[in-house]
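Scrolling down, you'll hit the structures one after another.
Two complexes, one shared chain (subunit A), two partners (subunit B, subunit C).
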Partner chain A sequence: MDRVSLIDRVSQGMKNLLVLMLVLLTGCAQQQLRGTGDLGVVIERAAGRIVVVDSSAHATLGTVEGLGDLSHASVVFSRDGRYAYVFGRDGGITKVDLLTQNIARRVVQAGNSIGGAISQDGRLVVAQNYEPGGIKVFDAETLELLADIPSTFGNNGQRSKVVGLADLPGNRFAYALFEAGEIWVADLSDPKHPQLTKYCDIGRQPYDGLVTPDGRYYLAGLFGEDGIALVDLWKPEQGARKILAHYGRGEEKLPVFKMPHLRGWAVAGGRAYLPAVGRHEVLVVDTSTWQEVGRISVKGQPVFVMARPDARQVWVNFAFPDNGWVQVIDTLDNRLIDTLAPGKAVLHLEFTPKGEQVWISARDDNRVMIYDTLTRKPVGELPAQSPSGIFFTSRAGRIGF
Partner chain B sequence: MDRVSLIDRVSQGMKNLLVLMLVLLTGCAQQQLRGTGDLGVVIERAAGRIVVVDSSAHATLGTVEGLGDLSHASVVFSRDGRYAYVFGRDGGITKVDLLTQNIARRVVQAGNSIGGAISQDGRLVVAQNYEPGGIKVFDAETLELLADIPSTFGNNGQRSKVVGLADLPGNRFAYALFEAGEIWVADLSDPKHPQLTKYCDIGRQPYDGLVTPDGRYYLAGLFGEDGIALVDLWKPEQGARKILAHYGRGEEKLPVFKMPHLRGWAVAGGRAYLPAVGRHEVLVVDTSTWQEVGRISVKGQPVFVMARPDARQVWVNFAFPDNGWVQVIDTLDNRLIDTLAPGKAVLHLEFTPKGEQVWISARDDNRVMIYDTLTRKPVGELPAQSPSGIFFTSRAGRIGF
Partner chain C sequence: MKSLCLLMCFSLAMQASAQSTAEPTPARQHELIRLVRQDCGSCHGMTLKGGLGLPLLPDSLRDKPASSLAATVVHGRPGTAMPPWKTILAEGEAEWIVSRLLTGFPKE
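For the complex of A and B:
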């Protein structure tokens, strides 16, 4: 064997090794260490895709595709802030790794679903389903099914649509049954053996619900009648009661372009700010008596009424045809202090963790606008294709998100 | 040149390359991607060291040494949750990378310091100093000094110790001047040109302060007289006023083993829970009127009185000789529901972000005990050398922490 061919062989071996190692090095160079406290997700509904964003740098880290039907999609976050659980309209739950922008796990667990929640300890992910009606409980790590709780009511085995799912302290979850007119609380501290508490005859057709930030009051809005069903979860023996008897579409049955989102309700300084149904008003309610104490006239039918984390401001968006506007209320004197035009078809707002900025999705302008909440001036903008919901990882540390 | 020596040379080159690349690969293998939402820091005061902990796994990720004098040390976190800023008693500020457990930056900025805070937008880190008296403002990224605001008062150029520094919405900071008896609010929205608002004659010798979770009320406890100084930051034109005229050591000037920490005050459901000074009591105050509405007898002189994030429970630790006990108050009826003995010399408590667990440092048992707040049973334990303060990254998203 002559020296040249020998050197060739040696150096060929070296080349192969080099290539292999370069591949490995490139792979790990992409694994940039970074904190997850300032990450978030923007839903690109039409594309079935999410955008992973950095709320410090006002930057897009990447996009993740293949999440199915994301109309009315909602998102919760793992306890460590690394993973987003995206609940699709089609019953899909996708666990997305925000750091690598890859799909870590995905299951399709129902035919027709409307969001979900994560337990206080971060170990359980729960989906609320229309079809088949009920909730399903999954291991947050593996998305393995741990419990299936059908929303069966009455005597004929009928199952109800589930709405308004909210996580509570003690690894419990509260939700409402649309056809049944019931509120259920599921204690999942032993997920394989759920304990159910049922509140019956709470009112006709609850269509959405929320829990107050302290986890004490569960409220369900009613579609079939006026008023709101309330359960004081600190005094369960009192059962459910009806508050705000005139809250709703009222006698005249006003045309309602979009039922407002209850989850958006602002609870600020002992007062709750509610979107009136069908009226151009935000209602102010005292949370100690649950009596209405005021009304604020606004530009349209409110959809989301959201409090800045320090509760000094409440930001409101509106249903069509007023969905190009956002208005700001000062909670000190319940006065409108600003009216903004962030873009066409404003669908959602999300405050940064300490509230210095708010991100607003303008679907028909294909952009997310970022405002300074003190000056109410735009400070940034990100392109997004028909953006809808915006969700930041700070939700992982908060009850009822 | 013979073939052997040639092959030798070639393969020697290959060896060197292999070694180099292996070093690179090993380096990046250590860079484990992970979320930062469940990380925290435990102060090992005597050792001048911190322990980086994972509150999901109940595990220690590593320790970081060389942080100087950590007696009375406090910690704030970067907006992304990756970095801890550790404020030492000796004026040192150390920026620690929680993901690599390395010191990213360190400055010694004063001779005698007592903690710090981070701005709403996460861009400014502020230290409050005894000597020389005042606050200093640093770039959170580089720790470059941006502003130096001496606490000069009166006519002779004297500087006061600064206490009770708290971050406010709008990149403002509130703090109290011990010798001056003043409360100052510094607006640092333009850090190079701070705007100061001074409240004078607020009472004798404010020794600590806090801001309510909504950023509205700043309160300073007084050492030189009874009562508490309060500023409604939403109504600055009203100036400072005195509340709870009998709060303090009182006429009899009871022996006080340790002045309670105000920062620990619990504000829960429209009520504040205050450690009585020198008495075995927790005071209950209505935050709308700031009148006392009740007192709860406890086992010793309270030091930290802290609300679980959902505000249903308040946990209390005590000064010597009762510092082996922790008591739990149910805020629904302000009743003691539990008395625990977590270990010798309990110095601090920290709740997990959603409050399912609480971490308690037992200095003289060299351990951190972890309790389930629902069952109040221990669920974990970590060794630590004379642990004092415990701080979780969820503070990054909260006002006044």
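For the complex of A and C:
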């Protein structure tokens, strides 16, 4: 080997080393350590994209594309708060890594889907489907299908749309069947051999459901009649009963331009705050007796009625055409204390983990507004394209989220 | 000039309500497309392939007469979740929406 080629080889080696160091350095920069407790996602529904946000910094960390039809999207989080499972209208479940803003897994598991839930132990992800009607159970790690439970009812093999899926203690899930008027509880403690408990004739057209924060009561709101179906999951042998059956008796209902959502419950100070269907009212119910104890007149038909985590306030948004408003109820005396106009077409709101701020999506203004919940003044905003749902990782530790 | 314009707008509005088949203005068409995609989309899906409400794609509507579809939009369907839109939409606007649904609804 002559001297020149030796120098060449040495300098080539140096170059390789430099390149290697650069790669390592860049890699380190990308993998800076951080937690996920103040992260969340904002759905950009028309674009099929999510924005990963930092609720401490009021900043966008990145966007993730290719999530399909997100026109009715919902999100649950892995119990370590690192992964978001995004359920799309087109039956897609996308597992997104919030730290790298990459798609970790994605499956399309139905033709028309409405949302999902994650089990108490974090090992199972369950999708609720309209078409074909039923729920499907997946391994949260791999998104491998573990069980398929069709919502078949009656005698002719018809399948019902599934609404109101909620996770319960004991790796069980409760949900309601829209056409069938039934509530089913699936015990998935052995996911390949689900055990079903069915509550029939619970009322006409349940449209959504919620479980109380203690995991004890499952409530399904009824669209086809006044009232709410209730199951005491600690006393399942008592069956389902109807509460608030006469809240609208003798009154003409207003047209319902958007179904209320019950998930994201507002159970505060021994009372549940529930949207009245076809009325400009929030119903207040005592959770020990399940009797109505009050009604609060509001700007429009409530869509989301959500308690601040400390339960002192309840925030409400409204269906079209009153969807430019948000109102705030003080739960101490069930009085309206504020009316806000965060922007055009307010679709959703989400509190920071301890509730000092609330993020509100204004779809037609293409922005997310951030309010201080104490002063109820705006403290920030983020641009987003037609934003709908906002979901923070603090949901990971809560039953029913 | 301003009052003339107002007068014209007023008479246009009168025409719109009198002749229910009149085509909505381009600006109103834009609003109606957004309304259908976003607000009807709450139940029927933004792609109109259905959700809690039935699909509104041309194939799924083909065997239904346009007049009864327009009546459903205006008056709703009692016993279902379909509300009456008459406080939001004029009859001519409902007819325009139905005619567009039958031929493939425009994107926003």
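The rule is short, and it goes like this: the second predicted complex is superposed on the first by the 379 of 401 C-alpha atoms of A that agree within 3 Å, B and C clash if a C-alpha of one lies under 4 Å from a C-alpha of the other, contacts with A are read in each partner's own complex, and residues count from 1 in each chain.
Everything below uses one rule, namely that contacts are C-beta pairs under 8 Å (C-beta built on N, C-alpha and C of every residue); 3 or more make two chains touch, one makes a residue touch a chain.
The shown structure was predicted, so the numbers you read here are calculated from the model rather than taken from an experiment.
Student: Let me test your reading of the model: by the given contact rule, A:234 touches which partner, first (subunit B), second (subunit C), both or neither?
Tutor: In the superposed model, A:234 contacts subunit B only, not subunit C.
Student: Quick one: is A:103 in contact with subunit B, with subunit C, with both, or with neither? Answer first, second, both or neither.
Tutor: neither
Student: Given the touch rule stated above, what does A:243 touch, subunit B (first), subunit C (second), both, or neither?
Tutor: Touch partners of A:243: none, neither subunit B nor subunit C.
Student: Tell me the contact category for A:161 with respect to subunit B and subunit C: first, second, both or neither.
Tutor: A:161 sits against subunit C, while subunit B stays out of touch.
Student: Which of the two, subunit B or subunit C, is in touch with more residues of subunit A?
Tutor: For subunit A, the partner with the higher number of touched residues is B.
Student: Check the residue A:356 against both partner chains and state whether it touches subunit B (first), subunit C (second), both, or neither.
Tutor: first
Student: In the complex, go through subunit C and note every residue touching subunit A.
Tutor: Going through subunit C, the ones touching subunit A are 38-39, 41-43, 45-47, 49-52, 76, 79, 81, 83-85, 87-88, 108.
Student: Please give the residue numbers of subunit A that touch subunit C in the complex, ascending.
Tutor: 45-46, 69, 71-72, 89, 112, 114, 130-131, 161, 163, 178, 205, 207, 223-224, 255-259, 320-321, 345, 363
Student: With touch defined as at the start, can you tell me which subunit B residues reach subunit A in the complex?
Tutor: 3, 6-7, 10-11, 13-14, 17-18, 21, 24-25, 28-29, 31, 33-39, 56, 77-83, 99-100, 120-122, 169-171, 189, 214-216, 234-235, 268-270, 288, 309-312, 332, 353-357, 374, 393-394, 396-399
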